[in-house]
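A, B, C and D label the chains in the order they appear, each numbered from 1.
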Amino acid sequence: MTSALWAVEIPYWGQTLLRVLGGVVAVLLPAGTIVYVFLFKMMSFMQSRLGPMEAGPYGSLQLVAEVGKWLQKEDIAPERADRFIFRLAPIVVLASTFLLVAVVPFGPDAWFTNFETGIYYAMAVSSVSVLGILMAGWASANKYSLLGGLRAAGQLIAYELPMVLAVIGVVIQAESMNLQQIVVAQNAGSIFGWDGLGNPYLLTQFVGFLIFMIAVQAELTQAPFDMPIAESELVSGYMTEYSGFRFLMFFIGEFATAGVFALIASVLFLGGWGVPFAWFGWNGIDDVDNWMNVVGPLVMFGKMMLLVFLIMWVRFSYPRFREDQLQRFAWKFLIPVSLGNIVLTAVAKVVW
Amino acid sequence: MTMLSDRQQLSYIAAQAADARVNVELETEGMTLNIGPQHPATHGTLRIIARLDGEQVVWAEPACGYMHRGYEKLAEVRTYPQVTTLVNRIDWLGSFANEVPFILAAEQLMEIEAPARAQWIRTLLFELSRIANVSLFLGDLGVQMGAITPVFMAFRDREYVLNLIEAATGGRFHPNFDRIGGLKDDLPAGFVAETRQVMKKLRNFCDEIEDLLFGNEIFQSRTRGIGVIPRDVALDYGLSGANLRASGVDWDLRRDQRLPMAWDKVDWKVWTHTDGDSFARCWVRLQETREATKLVDQLLDGLPSGPVMAKVPRIIKVPAGEAWVSTENPLGEMGYYVVSKGDLGPFRVKIRSASFNNISIVPWVLRGVYVPDIITILASLYFILGDIDR
Amino acid sequence: MSPLSSVGDATSVAGELPGDARREQIVDELRRHLGDALLESVVVPGVDVWIRVRTDAWRRAGEVLSDELGFTYFCFLSAVDWLPSPYGRGEDDPTEPAPERSSEIVQGVAGGETRLQMLARVVHPAHHVGVNLKCDVPDDRPTVPSWIPVFAGANWHERETHEMFGIGFAGHPDLRNLYLPTDFEGHPLRKDFPLLARMVKPWPGIVDVEPMPAGDADDEGGDES
Amino acid sequence: MAKVPGLVKGLGVTFSTMVQTITKGANTVQYPHEKEAPPTRARGVIALREDNCTSCMLCARSCPDWCIYIEGHKELAPPRRAGGKPRQVNKLDRFDIDFALCMYCGICVEVCPFDALFWSPEYEYSEGRIADLLHDKTKLGEWMETVPEAPELEAGADKKGKK
């Protein structure tokens, strides 16, 4: 947030404070709404029931009740657990989400940071959560969580590769790794001259979009890939021994990461905070006028909810892969296809 | 999604099982995992002690007895009407189906036969409790493999069947409606019309589960070729019900045994499958549920009128003798060997429950499988803990 | 054994000969294979057939049935304790002296001499005919050859019968307790093992309100026990 | 139509359920606000009509769970017809059913020769303390008015009484 916005000089420490507060809001707000809208309400509707209705009108305060419940629960650590690492694990998982959101642009001037190598940073940081999960699994001295942690390690690493390769397709087409550039490229571009809809990479990079969404599903350990939290075998995988506030951190971590990955996916494939510039006659980033800084986050929120709907829809309908099928699917199918996608994009780039 | 053909999957599993045995000799320090009595995947309190090598099971053995209530001892100190209340708590999901073989055994000893209407209503309630039992299994199959939604559909549609059983007998889970010589009461008014509606709902449920679960490629890759039980091993262990029919044995007690019930008066089909793997067992159960709804429709059409209770003395003393009657319960063959010495209660009742034999094959079938497959195979064998431990 | 009405013969099902002919044929085949080891056989036309063999021919009988005669489906294996229970139905009045009960052992179908008797059932999966097999368990040394080489499924059944009746099985790999805790003494299904649930609490039906004077009590007697 | 891959059909099923729940409402009953009436034959609680009971102890004896406790004494009751000799009648002092032990099998209701016990579909009588589940004869008497009329039977039923 540049300080010129309110025509008052904000000292540097003020800016960083605003950025931190903005970051917390940008992570927790989507996480809260996702949990309420999808986990409580949409899942219940899909299962022909109404979901929580007692707490607040239509169960809207159910999340407050849940958080309150977890906060007052005792935070138990198993007796033979490696105490320090046991406590550190949820912090690491949550930290990776906050680091990830730092790079997402929400408007022409509304961004936390504007790295030149934005997407490269995002992909690197998203693999930090693997360390957190492995620490949780190993430190809680419980056979089930050990199994869960090891499965998570194998799975997350196996699915990071296709995610990165899918992103390379977008980077080639946008000729830049800076997320702001990618958004501008999508909204300012046009499809064979007709620029009524800009050029969302969803259309041209559809294969990349699918691979990215499947990889995101695996990164979040959601249904078809929820081997690490296989509740019918490993009780709840690496989170088995956690309770109270630490479990709350894992729970928020899970849904905040879903929100942030959906934000990144909407930046990469759906044109991020921008609406097609042609509608307003803009043709570059500098003549996008100021109200876009307010509308941008709302547009981002809408696109994020759409993508999280996809993730959750798949999560509530599919059974689980066995982990050797999961690995075989990643190494033998996703990675070759994403490499093929890169070749195709490169050839198309050269031709047009 | 590269789909391995069944043959490749089978050879893959066999290779894994072979080198699992090799690892034992290497004495790598495996991990003994307790899939303990308190565990989401067991229908009740079954504990499986599995010695793992990495994710693969080298040796697994269920330890049961956590739910042992000593029914055979209790049955020796109770009168006949009291034993029916005891006995419908063995397989508590299809509980009317437990009472019928015991009552038939007692009637065989007393040489009484229930009037025609009572036989038809007994068969009707028997098939209703089969639908209630197996429809829960179809939903629960999804949860065992991670899909959350099918279970809610199962419970939603099973509720209608339970309401029907409650309207007729008074109890949802423990009807206690069967008496020696007939039934306690007749059906309430409007029962027949209501049942026809519910059967339509159940058929719709079967199609939904088939679309949501059985058609799903992930589900098929998780169940095809897993836990293959060949025909002669199934017979050796005394598997029964859908587990036997899925291994290619065309045997259904409802058709192949002469019992004073109405099965031979309506036409229906026995479903079998040749693969004998987890998918075959689940598939056969799905077809059997559909067949049960058609059976109920035919039973409703041909329901004769007349009394529901034969002429039976008030205090029942079963003459001395021994009788064995077994019927095709939702879980498999459930039979009672009743020894009577002519006084108020039975002298000895041997309860042959289906899940006891179905689960005794687990040590054989779990050799060399992966940890997630333990849950898949257990889910496909479909047992109820009360049935194992009695 | 009470004669049974013709409940079965008339209707023949799935290619089954009229009941008794098929079952007679089974008994003759068995007698041909086992010779005098087959002590007694009872055929109830169209319903069931009971066969009692000598104890040492128990495994041999299983092998004959499953290999030669095709009874490959193992139904169940258990035992019966023919001693009438000294506690009755646990409904005696603790204040009065315990009522005198006969403890004379009377075996059931197909006779037998000893108190404990093995009971097993195997079925022919194609003809759908079952055979109940019995053999006496000698009182002094209650062991019986194990059926595991014949039917692999007998493993659990024998473990359960061992812990419930105390019958040893020669050749059984691991006769651990199946249901009961490992340090449980006594064999619950024996009739002389008290059912504690009915010992701890007096029977509410004992409170003796003498029956009404003859008159409006219309059933035979309210005080049967 | 072409064989829709199972994965997509599965999504279709969950989506259509969601649409149905939103449009036609869910299958669940919001218990404290709406209540589902149990069928007339539901075995909720046992009601006792005291004057029918002659404390003949048949129900207490045939209860498998031993949860019916009866105590009575003998009394002289006025003669039915004028001038007749006074009748000896069993007066009921205590008739308790311990619903913590009872398994709702219904043998007592069925075996009672004087039709003193009835089933009522009432089910909301849970207690804080388990000891309060021991209903005495006044409480059992209160349940009497919740006992519904016997439902008329299905068409083919045999009308002229069962036995």
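FYI, contacts are C-beta pairs under 8 Å (C-beta built on N, C-alpha and C of every residue); 3 or more make two chains touch, one makes a residue touch a chain.
Just so you know, these numbers come straight off a predicted model, no measurement behind them.
A.B. asks: Give the chain pair, either B-D or C-D, that is connected by more C-beta contacts.
C.D. replies: B-D
A.B. asks: Please identify the chain lying most centrally, where each chain is represented by the average of its Cα atoms.
C.D. replies: Chain nearest the overall C-alpha centroid, as shown: B.
A.B. asks: What is the distance, in whole Å, between the centres of chain C and chain D, each centre taken as the mean of its C-alpha atoms?
C.D. replies: 37
A.B. asks: Between chain A and chain C, what is the separation of their C-alpha centroids in Å?
C.D. replies: Computed value for the inter-centroid distance: 65 Å.
A.B. asks: From the mean C-alpha coordinate of chain B to that of chain D, what's the distance rounded to whole Å?
C.D. replies: Computed value for the inter-centroid distance: 29 Å.
A.B. asks: Quick one: report the Å distance separating chain A from chain D, using the average Cα coordinate of each chain.
C.D. replies: Measuring from centre to centre gives 55 Å for this pair.
A.B. asks: Mind pulling the residue numbers of chain B that touch at least two other chains?
C.D. replies: 78, 149, 153, 156, 212-213, 216, 218-219
A.B. asks: Considering chain D alone, which of its residues make contact with at least two other chains?
C.D. replies: Residues 7, 10, 13-14, 17, 27 of chain D each touch two or more of the other chains.
A.B. asks: Could you pull out the residues of chain A that touch at least 2 other chains?
C.D. replies: 46-49, 316-318
A.B. asks: How would one label the connectivity among the chains shown: line, ring, star, complete, or other?
C.D. replies: other
A.B. asks: Which chains touch which?
C.D. replies: A-B, A-D, B-C, B-D, C-D
A.B. asks: Help me check something: in the complex, which residues belonging to chain D touch chain A?
C.D. replies: 7, 10-11, 13-15, 17-18, 20-22, 26-28, 30
A.B. asks: Provide the residue numbers of chain A that touch chain B in the complex, in ascending order.
C.D. replies: So the residues of chain A touching chain B come out as 43, 46-49, 143, 147, 223-224, 226-227, 230-233, 235, 316-325, 328-329, 332-333.
A.B. asks: Please name which positions on chain B make contact with chain A in the complex.
C.D. replies: Where chain B meets chain A, its residues are 1-2, 31, 33-35, 39-41, 55, 142-149, 152-153, 156, 212-213, 216, 218-219, 221-222, 370-375.
A.B. asks: Where on chain B does chain D make contact in their complex?
C.D. replies: Listed in rising order, the residues are 78-79, 81-82, 85-86, 117, 149, 153, 156, 159, 163, 166-171, 174, 176, 184-192, 208, 211-220, 303-309, 311-312.
A.B. asks: For the complex, give me every residue of chain D touching chain B.
C.D. replies: That would be residues 5-7, 9-10, 12-14, 17, 27, 38-43, 62, 64, 103-107, 110-111, 119, 151-158, 162-163 of chain D.
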